[in-house]
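Just below sit the structures, each encoded as structure tokens.
Both of the next two complexes hold chain A, though its partner changes from chain B to chain C.
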Partner chain A sequence: MSGGYHDAAAALVVDGVLVGALQEERISRIKHDPGLPIGAALALLAQEGLSPQDVASVFFHEDPYAHLERVLLWSLRSFPKGLKAFPQAMRKQLGSDLWVLDSIAEGLGIPRGRIHKGEHHRSHAASAFLCSPFEQAAILTVDGVGEHHSTGLWQGQGAQISCLGQLELPHSLGLLWAGVTGWMGLAVNRGEHEVMGLAAHGQPRFSDVFERWLTQSEDGSFEVDPAPLAWLSDPERGFGPAMEAALGPARAFNARWSLQDPDFQLRADVAASLQQRTNEVLLGLATALHERTASPNLCVAGGVALNCRAIAHIQAHGPFEQVFVQPAAGDAGGALGAVLSGLGIRAPMHHAAWGVCCDAGRAQDLATELGMKVERVEDPVQRAAAHLAQGQALAWVKGRCEWGPRGLGNRAILASAADEALGVRLSTQVKPRAPFRPFAPIVSNTSFSEHFEGRPDLCTPFMTTLRQSRNDLSPATTHVDGSARVQSVGPKDALHEVLAAFEKESGQSVLLNTSLNGPGDPAVARETDALAWLMAHPGTPMLIDDLWIQT
Partner chain B sequence: MDLWTAAASRLSLRSPARVAARMSAFARAERGSQLDMLLAASQTQDLTLASQFLRHAHDESRHARAFANRARELGEDGWIHADGGRLLRQLGPAKFLAFVHQGEARAIQRFLVIQDTLTQNGDTRSAAIFGALLDDETRHASYTRTALDSVAENPAAELRNARRWSLWQGYRRLTASTAKGLHDAGAWLLYLSLFPLAFWLRWVRPVRSGWVESAPERGPQ
Partner chain C sequence: MSRFQTLSELVRHFLHRERWVLLPLLGVLLLGAVILGVSTGLSQVAPLVYALF
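Moving on, here comes the complex of A and B:
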């Protein structure tokens, strides 16, 4: 299990085999749910016909006592600046975080002795390596902060992971991103991916600022200047006056974005500068790690590993032959890493469908009760393809919900990627988002190279990297700089047949694919979430297995 | 609704900033209630009731958005972050329905007073939002009451129970906020009194840069 900070999650191993992994938000319906993943754990157990009493061991992803030590240490180190945040930090630590292992035991109703603590970055490292196809690999973990550390170099062999070195606070890429995210008027720990998207629109004209704030040594280690950041004194904003002095005044929190805003270019340029420096530093880390391990394989985890631009940069310019990033690379992934390393097992991951099912039978009954139009269709794939080929959007629900923050083809809003007007309609009416963020394309392995540079690799099925588009056939899914967060699908994936049928109908082989959720909501998991989405989005039909529903 | 409530309502809405803050608070409350109803729907086998819960959740999500949008127009950031969803598991079906019914009935009374106050203050846009929600709230109060009658053996006792529970929750909120105040004051004092330690720490635990010694190999504990 992971939790207590953001993106709580649970992963379940039965008789040495990974059978499920699920973020708490999909059950609690609170996006990035920071609580404990009791609901997710119960849902995964129920799906296997098990009860909490059947659970032999629970592995928590970090060490709550070391976490408390760090909070105390840094509160005092920053004396007297930490005064404002100290009471709140203590309330959280003493009120909940310190007792997290007891709370898990209580929540599941099992003895405390079955709950074991882990180490934050080791859990990250395990989440990447033990799910990878590699027998041995170099592992890089980069996030905001775990207990004391922000970055780690590791080596994996078989089911063993050994640490080569770690960086301590305040030297943290994740916290630098958090500060800039706060300065952009976005929520810290939530809006980082928007900053990454914004970077496509900018020029790195602030690179000297970020080179000053983020310096790197020959051995890959880096230092972050704490002056522009305020993760201790003002953790909700994450930045201090020094950042505003260097970059200009911060944007108002949660203000709406417009490409016409006079300061839009400034924000985009700052994002591009931060992204460029991040690319350089991560590449430096990867290079140093390669020198120490001589491995051809790299696994990356931690919140910063969700930065698919930087991952693409390492792939393109780094010394590794293969790079693997699993879909829940952030703190949710810690749950998976904790259980796999706790048990010392490997679970190579070939798909992301590890969550809960959507019950089509109950969806049918409920939809009928709600007065929706419900129809069992004979050939759902053909029906979906024909609908999409007519230039319409479709909500698609199949099998188990995805592990990680991205919609990877099991809970999706689909549309033709070629239809720019439809893309605009989706981004303003169906799935409101900042105007600089295109949707993601999905394409079959066989058509991949026709549309995107390179070939499908270990990251493309999980959308944890980015590729340059070869053509302008998919305007709704391409960033202004020509890059796209493409997902590749193989013959076993749910959407493979739909893509093939769509190509037959329309002559196009790329679909727009975005996660199925309303604004501020987590992605749909079960039938009630699916129907709630439909009620909020009349006009877009939904296909759950072979059930076609329209409001 | 008594005179006290009306007076308090007037006081709490006397400036646009206060109206905006109130709108944000309502947005959070509506969002919390949406989560309660959505999870209740997923935990309810009875199709009619589950679908009513879903409709209810949909209404509350619209309400939350309407309040958040108005709050934004009045200068708030419009960010809704709410907690909720555990109510049905916590209370069980009968007490849950009784509690929701009472909350909705109270909301109707409160909305009427606020609508009235806002109209008198000339803020017709804000007033209209409350007016537009009244039909929904009336429907919520009514179906929950009907459902309570069919679910509970003794609806009146459930309503009394729910009333007692919400008073208890109010008391707990009050004591929690008092405890928070006391804790924070204590934490500040503690922090300030620790300043010698702060200097000592800089010496014994200096900030470290560069790769630190690898963590010892250890399994889970």
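Moving on, here comes the complex of A and C:
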């Protein structure tokens, strides 16, 4: 299990085999649910016909005592600046976080002795390496902070992971990103991916500022200047006056974005500068790691590993032959890493469908009761393809929901990637989002190279990297700089047949694929969520297995 | 009381090497937490920021 801070999740191993992994938000319906993943654990157990009493061991992804120690230490070190946040931090630490292992035992109704603590960055490292296809690999973990560390260099062999070195606070790439995200008027720890999207619109004209704030040594280690940041004195914003002095005044919190804003270019240029410096520093870390391990394989995990621009940069310019980033690279992934490293087992991951099912039978009853038009279709693939070829969007639900933040073809809104107007309609009406964020394309392995540079690799099935588009056939899914966060699908994937049928119907082989959720909501998991989405979005039909539903 | 396991693990953690210097501070805070717990109940506090706390 992971939880208590951000993106709680549970992963279930039965008799040495990974059988499920699920974020709490999909069950609780609270986006990025920071609580404990009791609901997710119960749902995974129920799916296997098990009860909590059958659970032999629970492995938590970090060490609550070391965590408390860090909060105490930093409160002392930052005195008196940290005084403002201290009472609240202590209330949370002593009121809940310290007792997290007890709360898990109570939540599941099992003895406390079955709950074991882990180590934050080791859980991240395990979440990538033990799910990778590699027998041995170099592992890089990068995030805001775990117990004490923000960055880890590791080596994996078989089911063993050994630490080669770690970097401690205040030197943290994740906290630098959090500060800039706050300066952009976005929610810290949530809006980082928007900053990454914004980077494509800018020029790195603030590179000298970020080179000053983020310095790197020959051995790959880096230092972050704490002056522009304020995670102790102002944890909600994360940045201080020094950042505004260097970059300009901060944007108002949650202000609407417009490409026509007079200061839009400034924000984009800052994002591009931060992204560029991040790329350089992560490449430096990866290179140093390669020198120490001589491995051709790299695994990356931690919140910063969700930065697919930086991953693409390491792939393009780094010394590794293969790079793997697991779909739930952030803290949710810690649950998976904790259980795999706790048991010392490997679980190479070939797909992301590890969550709960959507029951078409129950959906049919429920939809009928709600007065929706429900129809069982003979050939759902053909029906979906024909609908998409007519230039319409479709909500697609099949099998188990995805593990990680991305919609990877089991809970999706699909549309033609060639239809720019439809893309605009989706981004303004169906899935409102900042105007600088494009949707992602999905393409079969066989058509991949025709549309995108390079070939499908270990990251493309999980959308954890970027590629440049080769043509302008997919305007709805291509970013302003020609990049696309493309997903590649193989013959075993749910959408493979739909892509093939869509190509036959329309002559196009790329679809727009975005996760199935309303604004601010977690992605759809079960039939009730699916129908709730449908009620909120009349006009877009939904296909659940062979069930065609319209409001 | 399963919470004794947590308390003993906590004390063991802080007795380690140089961490014992934090023990007096922790003791005072824990006492405060007990009073807080008695008076208001120890509820889950939603974190405003995951990054540090």
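In this text, the second predicted complex is superposed on the first by the 551 of 551 C-alpha atoms of A that agree within 3 Å, B and C clash if a C-alpha of one lies under 4 Å from a C-alpha of the other, contacts with A are read in each partner's own complex, and residues count from 1 in each chain.
Following the convention adopted for this analysis, a contact is a pair of C-beta atoms (placed from the backbone, for glycine too) under 8 Å apart; a residue touches a chain by one contact, two chains touch by 3 or more.
Since we're looking at a predicted model, the values are computed, not measured.
Put chain B and chain C next to each other and count what each touches on chain A; the higher total goes to B.
Within the superposed three-chain model, A:V71 lies in touch with chain C and out of touch with chain B [touch as defined at top]. After overlaying the two complexes on the shared chain, residue contacts for A:C163 are found with chain B alone; chain C is out of touch.
Of the two partner chains placed around the shared chain by superposition, chain B is the only one that A:E369 touches, whereas chain C remains out of contact. In the superposition on chain A, A:G144 makes contact with chain C only, while chain B stays out of contact range. When the two structures are aligned on the shared chain, A:T528 is found in touch with chain B, with no touch to chain C. In the superposition on chain A, A:P235 makes contact with chain C only, while chain B stays out of contact range.
Look at A:M90: by the touch rule set out above, it reaches both chain B and chain C.
In the superposition on chain A, contact is made by A:P34 with chain C only, not with chain B. In the superposition on chain A, A:F79 makes contact with chain B only, while chain C stays out of contact range.
In the superposition on the C-alpha atoms of chain A, the part of chain A touched by chain B in one complex and by chain C in the other spans residues 73, 76, 88, 90-91, 117.
For chain A in complex with chain B, the touching residues are 28-30, 59, 73, 75-77, 79-80, 82-83, 86-88, 90-91, 116-119, 121-122, 149, 153, 162-171, 187, 217, 219, 221, 223, 252-255, 338, 341-342, 344, 365-366, 369-370, 518, 520, 526-529, 531-532, 535-536. By the touch criterion given at the top, residues 2-3, 5-6, 9-10, 13-14, 19, 22, 25-26, 29-30, 32-33, 36-37, 42-53 of chain C touch chain A in their complex. Listed in rising order, the residues of chain B touching chain A in the complex are 35, 38-39, 41-42, 47-48, 50-51, 54-55, 57-58, 61, 77-80, 82-85, 180, 183-184, 187-188, 191-192, 194-195, 197-198, 201-202, 205, 207-215, 217, 219-221. Within the complex, the chain A residues that touch chain C are 4-6, 34-35, 63, 65-66, 68-69, 71-74, 76, 85, 88-96, 98-99, 101-102, 105, 111-113, 117, 144-145, 174-175, 178, 188-189, 231-232, 235-236, 238, 331.
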